[in-house]
Amino acid sequence: MNFANLANNYEEAVAMLLFVIGFSNLLLQKNLIRKIIGLNIMDTAVYLFLALKGYIAGRKAPIVVDGVQSVKAYVNPIPSGLVLTGIVVSVSVSALMLALTIRLYRRYHTLDLDEITTRLKKEGL
Amino acid sequence: MNEAILAVVILLPILGGVLVPLLPFKNRTQMMVYTEGLVLLNSALALAMLFHRPEGSFVLFRFTSDLTLSFHVDGMGTVFAAIVSLLWPLCVLYAFEYMEHEKHEKIFFMFYVITFGVTLGIALAEDVVTMYCFYEMLTLVTLPLIMHTLTREAVLASRTYLYYSLGGAAFAFIGVIFILIYGKTPNFTPGGVLDLAAVGDRVNILLLIYVLCFMGFSVKAAMWPFSSWLPQAGVAPTPVTALLHAVAVVKAGAFAVMRVTYFSFGPDFVRGTWAQHVVMALAIFTIVYGCSRAVKETHIKRRLAWSTVSNLSYILFGAAIMTPLGLVGALSHMVAHAVMKICSFLCAGAVICKTGREYVHQLDGFGRKMPKVFAAFTVAGLALMGVPGLCGFVSKWQLVRAAVESRDPLAYIGVAALMISALLTAIYMLTIVVRAFFPRKDFDYDTIRDVKDPGWKMLLPFAIFVIAIVAIGLHSRPLIQGLESIAAQLP
Amino acid sequence: MDAWILLPVILPVLAGVILLLSLAFEKRKNGREQPDREPDEARLRSLHRYVIAVLAVSGVLALAVSFSGEHSVTLFELLKGIPVYFHVDDISRLFAAAISVVWLAVAFYSFVYMKHEGKEQRFYGFYLIVYGVLMALSFSGNLVTMYLFYEVTTLTSMPLVLHNGSREAIMAALKYLFYSMCGAYLGLFGIFFLYKYCDTLTFTAGGTLNLELAQGNVTILLIAVFGMLVGFGAKAGMLPLHAWLPAAHPVAPSPASAVLSGVIAKAGVLAIIRVVFYVVGPDFLRGTWVQTAWMTLTLLTVFMGSMMAFREPVFKKRLAYSTVSQVSYILFGLSVLSPVGMTGALLHVVFHMVIKCALFLTAGIFIFQCGETRVEQFRGIGKQMPKTFWCYTFASLALIGIPPASGFISKWYLAQGALEAGVGVFGIVGPAVLLVSALLTAGYLLPITTSGFFPGGIVKHGKAEEHGTGAAVDRNEQKDDGKAANLEPPLAMLLPLAVLAALAILLGLFPNPLIGFAGKIAASVM
Amino acid sequence: MEFVQNFPFFSILLSLFSGPLCSVIGGKAARRVNLAVITVVGAMSAAVLSFTICSGEAYVYLMGHFPAPWGNEIRVGVLEALMALFFCVVMFLSMVGGSLERALEIEAEKENLYYVMVNLLLSSLLALIYTNDLFTAYVFVEINTISACGLIMIRQNGRTIEAATRYMIMSLLGSGLLLLGICFLYDLTGHLLMSNIKEQVQILHGTGDYHIPLLVTVSLMSVGIAIKSALYPFHAWLPDAYGYSTLSSAAILSSLVSKGYIFLLVKIFYRVIGFDIVRDSKIVNILFAFGVVGMIMGSVSAIKEGNIRRMIAYSSVAQIGYIYMGFGIGTTAGVIASLYHILSHAATKSLLFVAASGITDASGDSTSFFDLTGAGYRNKLAGVAFTVGSLSMVGFPMFSGFISKLLFAQAAVDSAYYKMLPALIALALSTILNAVYFMKTVIRIYTPVDREEVQRRGFRKVTFVDQKAKSAALVCFIVLNMALGLCSEPVVRLLREGLSLFA
């Protein structure tokens, strides 16, 4: 393995690290709120990654203020657009998750999903 | 002759059977006349068709361009179809008397008649897919017949039957797929259809698949280790056990094995390989195993069922010899076993139905009270043992001849197994006979005062079967010649 | 076509079937009436007449068939190339004649004896059928036909064994059945192989084995033949399938035991003769391990049978073991595969048939008259039934082989055959075993005579009816009764016994025609 | 350009906007709107299908005026149109079949919200089917997830909420991986349109550059979608979600939602990466292994289950295992078998759910196994339908399951040794296991109980007239199933054509 590239691409590495942190939180945490936080970290990591990819050092956003320059002067706007879309998606998903969590908490007064499952079994539903 | 009749004989009982519970019969007799008439008509049609075999084939339906439901009569199909067509009317007749006291008669006869059509479908199938389809269907339409009494036992038995059968079919299915892919054609062709060029270096895989397929189909033929469903299924009413579990269903399994062995994979492909030895060893083991279980069993129908297990493996053994003579042996035992086992089952059924006694030790002195039934039973028992002059000897002779000619040491062991099995057969059949005819010195006949011979509807089948047993035994020439001509088609 | 030679087969079988059917029919007519009721005297007498008439006619027919030249008849094809085929040759003659004579004699005897067993009609029905089947067996002209009638013999003779219906009898009958079946199937196993490797299964003196075909398959053929020897040996009481004999004989009615051990056991011998000398051919077996094993088995059986008989207190069982031993004499004679040995064997077939029947008939008389079955009960019995006892003594002497009684002749030939057959160590061991066995035979038969005539005190035996069947006599109480009762059986019982005993001696005195006949047979096959 | 070519876009748009529309109208009206939308979409899909069959090639539809590589595109071929049509049919029947349950189980004032979710689900499914843009696919995957979650939790009880939560969590894990995979691909190729990505990937593959990142990308996306479509062992949410949600939700979820994802995976394999590259990257072997294990384990869990709805749900796990096994075989024949199984399973599983509800209706609404005894006599049609569904699951000839089994087996035979035998044995074993639990149920519902027992428990008889909608749906399902089983050849041909257009 060539770790030299790791230093060059440290941003990507950070994004991946964040992704893993988020992913494992979402997967392993028992507490629902923490899971949701994990989810957000994970999504953010992806957006960070996308944003990094979309930015080329020294170029501007393609917002035309003072006349069109050469294409080389701007970065591709699509990645940024994707990030924005992604954020919308992740916000709505988080909202839904939180709503579900509230429902569960009202019903079972706990945020631990496993415990809820055992309660459900006791309920015999 | 028009090929469409092939489909007619299969569909007529299926449709006619469905009508049984729907038609507004005023009384039992009307239903009887309808059912018997239907079955007789269909048998007559089928036999007429078998005598003037239509040359071509009839395609009923196409799944895909190469998967069809198509029918064709050839020699082997003729044998099976003839057995079935001859036995069905008799058993329906018997069933009328037997079922008098059972509930849900109409449903029973519906499925009983449908099974006729499905069994003919297996016999007349032109290709391996058609046979597989009807094979599966057979499982399904016979299921309600086993469940018929709806006792806990019956439900359990039907479940076991279903699992075993479907499971077997699942493995057989693998074989069917291989035949479809590696065969030149899915149609049954004497000597097999495998395209050896396409097989290439996959011979061992194909042999493994053959073994799986053999074992899959032989589940219905109750080969060890898949034999335990058959004795359990004995809870069904006797017309079912007699006809289905001694002839139609189990023979369908054996028939399918013969089809894939001789007409799809091809005997030349398998002969002399480890696959042949595996299947033959299994068959040989079952021959002895079934008999030993029969000796241990005291419930009379279950005892006969174990005996069927053993006898079916005679057929499988014949099939596993994989020479034309082996086919002759297997087919002749198929015929012979059909008559003798159905006869003994019907006797057992008559006893159970008329007296409610089900265990061997309850049959003391019955020979004097039900002389006709037990005379028939004795003849059937002797035939099963292989006494010369009765049909069992003829088929056993053919089987052993094939085994000896094959010069395979394992086949020699098979011959020994046949002999052991014959001895065990003597034990489990003759103990019943001796008990019935020669009760203990102090036996009090008043305890079985109510026992007497059943009515003509039961006795007529007995008479016919006994005559058949003796006739085949004494004059086997035409039968064997016919079977040899079938085997002669093999390359 | 000489279809008439089947008359002695068909006639008794038909007659027997009619008896059985009329029994069933009558039962039906009488409804629930006690099925085991005693038939009245008149009925019984007509029954006896019927039986004797049938037997006599068929016996005469059988003799006529036997001694009117070569006959053969093909009935129909059982299987392709395997007809049901009858052929009368010398072996058939020997067996048919001997069986007919003995059968008739035992029938006379049973008329009286069977009174105390009951169910006569059933007994005679099967008795006649078995006779017919045995005739068919003797006349069988090929292996499959013989096998067919061999099986039928087993099946039809089984009811004779279980006649009295006790639990032991039924168990013994089943044992007999299954041993015989086991043997028959071993035989069938061999037949399958012989069918493949022989030119024909029709009996041909000297064998029909096709040695070219057999080339390379000798091992399996030898195994098959050995299986047949052991299998058919079952009926002849050869080791290892001998155990049915001692079980079946004590429980069967004495006439049945007599024919079982005198005649039916010989069916096994007949089958072995047919297989070895008429299908396989003695040359194929000579010097192989099969011959060695066969000889070993027979000698073991001879010795073991005698030993067991020696130790056995129940008289009929003792006789049964004796049969085990004696029939193996015959088999030993055959196994050496020499003409002299075979002559001896054939002679012993006839002699043993006569002698053993006689012995069993005496055993029956003891049971019938005194209800005694155990050897130690016979003390002093000779004084009350001297005629019976003399017959017993003569028969015993014949069996032991004391010159000039018949047994001597056959044993002489047997020993000589063994010595000159060139079978190595068996040439010495064989005669030695025969000698030891003869001594043992003397040891188990003669003490009965001595203690019967010389009880060493006053012992009186009562009639069976007075103290119940099988009960021991309380001798002390009867001591003062004065003169002991005459227990001599009725003439109908005594006469057949006397005839047989006389035959046992006379055949020994004038053996030459028989020896000539047997020698002719032996010469023809080797 | 012909007018009919606009239909895919119209159908997505129609269903998307009918969603918000439903939120402002009443429950009954919403229901009508919903059915109408499904019908119209179905009709349009049929028209598109016939158009594509006639034209014999796929076409690309520009969204807006930007051509590739900048604009967003829809791509329509035979396969897409067929799937869209089929999904509409199944959804329509499921909605009709479950109408009675919805009336009972959903609070009246929330009923219109349910249709919002259904319409959104439909639109997201259509978008997944038609889109040619990976990021659009991602967005609609999320919409799909959210609306499915709504479908689960619309019936309010603890189980459904818990199931919805679990479903969300698993789905989010999956879509996170998927998203990451898409980002990687974008990073590697600089494109989001599938066809453009494929060109670049082929070049990359040719040069051998970025071999490992490509492999990672493929695995990320495969695993992500596998998680979302409940491949064993990621199935924990599934039994609760299918078992306790309202009937039409269960039917739609089991037969459509997971299938939408799987279809997306097929598109990724064929249209984005290229199937030969996928095959060479050993990822198919992993899918194969999980598929085979899933086939067995799903059935084993189903056997142990005492609740009929959950049992059917577990059976879905096994069936999804079949589909992944088909991919895993790594041949086009295997993929066709899987695609056929998508159809066959959709038709069968929703049939089973509806039939099971018919059976439970006749057993005092108990889903417990023991209460079902004799239900086949109390509700004859449902009994027959359940039997048909079971037989199809067992792979009985004449029913759709048989054909897919046949296709799987044929595909397996032609594959490598080390896959052929496990695949065939697993097929056989799974058939047996299916037989065990399905036929056990069939036998149970046809085991009569005495009349007093029925009266005491208050079980009612259900006739055709009582539940017209459900009965009609059942009949249609049976016909659909048997049609797939008996006339499979045109369908398979379409699948084959469509797949060849993919490449």
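In order of appearance the chains are A, B, C and D, and numbering begins at 1 in each one.
The rule is short, and it goes like this: a residue touches a chain if its C-beta (ideal position, glycine included) is under 8 Å from a C-beta of that chain, and two chains touch if they have at least 3 such contacts.
Here the structure is a predicted model, which means the values were calculated and not measured.
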{"item": "For chain C, the least number of touch steps when starting out from chain A", "value": "3"}
Grouping of chains that still touch (sans chain B): A, D | C
{"item": "Centre-of-Cα separation between chain D and chain C, whole angstrom", "value": "83"}
{"item": "For chain B paired with chain D, centre-to-centre distance based on mean C-alpha positions, whole Å", "value": "43"}
{"item": "Centre distance in Å when chain A and chain B are each reduced to the mean of their C-alpha atoms", "value": "67"}
{"item": "Chain D, residues touching no fewer than two other chains", "value": "none"}
{"item": "Per-residue multi-chain contacts in chain B, two or more chains", "value": "none"}
{"item": "Overall pattern in which the protein chains touch one another (line/ring/star/complete/other)", "value": "line"}
{"item": "Chain-chain contacts as defined at top", "value": "A-D, B-C, B-D"}
{"item": "Interfacial residue positions of chain B with respect to chain D in the complex", "value": "61-65, 67, 132-133, 136-137, 140, 143-144, 147, 150, 155, 158-159, 162-163, 166-167, 169-171, 173-174, 177-178, 180-182, 205, 208-209, 212, 216"}
{"item": "Interface residues, chain D side, partner chain B - complex", "value": "391, 394-398, 403, 405-406, 409-410, 412-414, 417, 420-421, 424, 427-429, 431-432, 435-436, 439-440, 443, 446-448, 486, 488-489, 492"}
{"item": "In the complex, chain D residues that touch chain A", "value": "70, 135, 138-139, 142, 145-146, 149, 153, 157-159, 161-162, 164-166, 168-169, 172-173, 176-177, 179-180, 183, 186-187, 192, 244"}
{"item": "Chain B - residues contacting chain C, complex", "value": "368, 371, 382, 385-389, 393-394, 397, 400-401, 403-405, 407, 409, 412, 415-416, 419-420, 422-423, 426-427, 430-431, 434, 438-443, 445-446, 449, 473-477, 480-481"}
{"item": "Partner chain D, residues of chain A touching it in the complex", "value": "19, 22-23, 26-27, 32, 35, 39, 42-43, 46, 49-50, 53, 78-79, 82, 85-86, 89, 92-93, 96-97, 100-101, 103-104, 107-108, 113, 116-117, 119-120, 123, 125"}
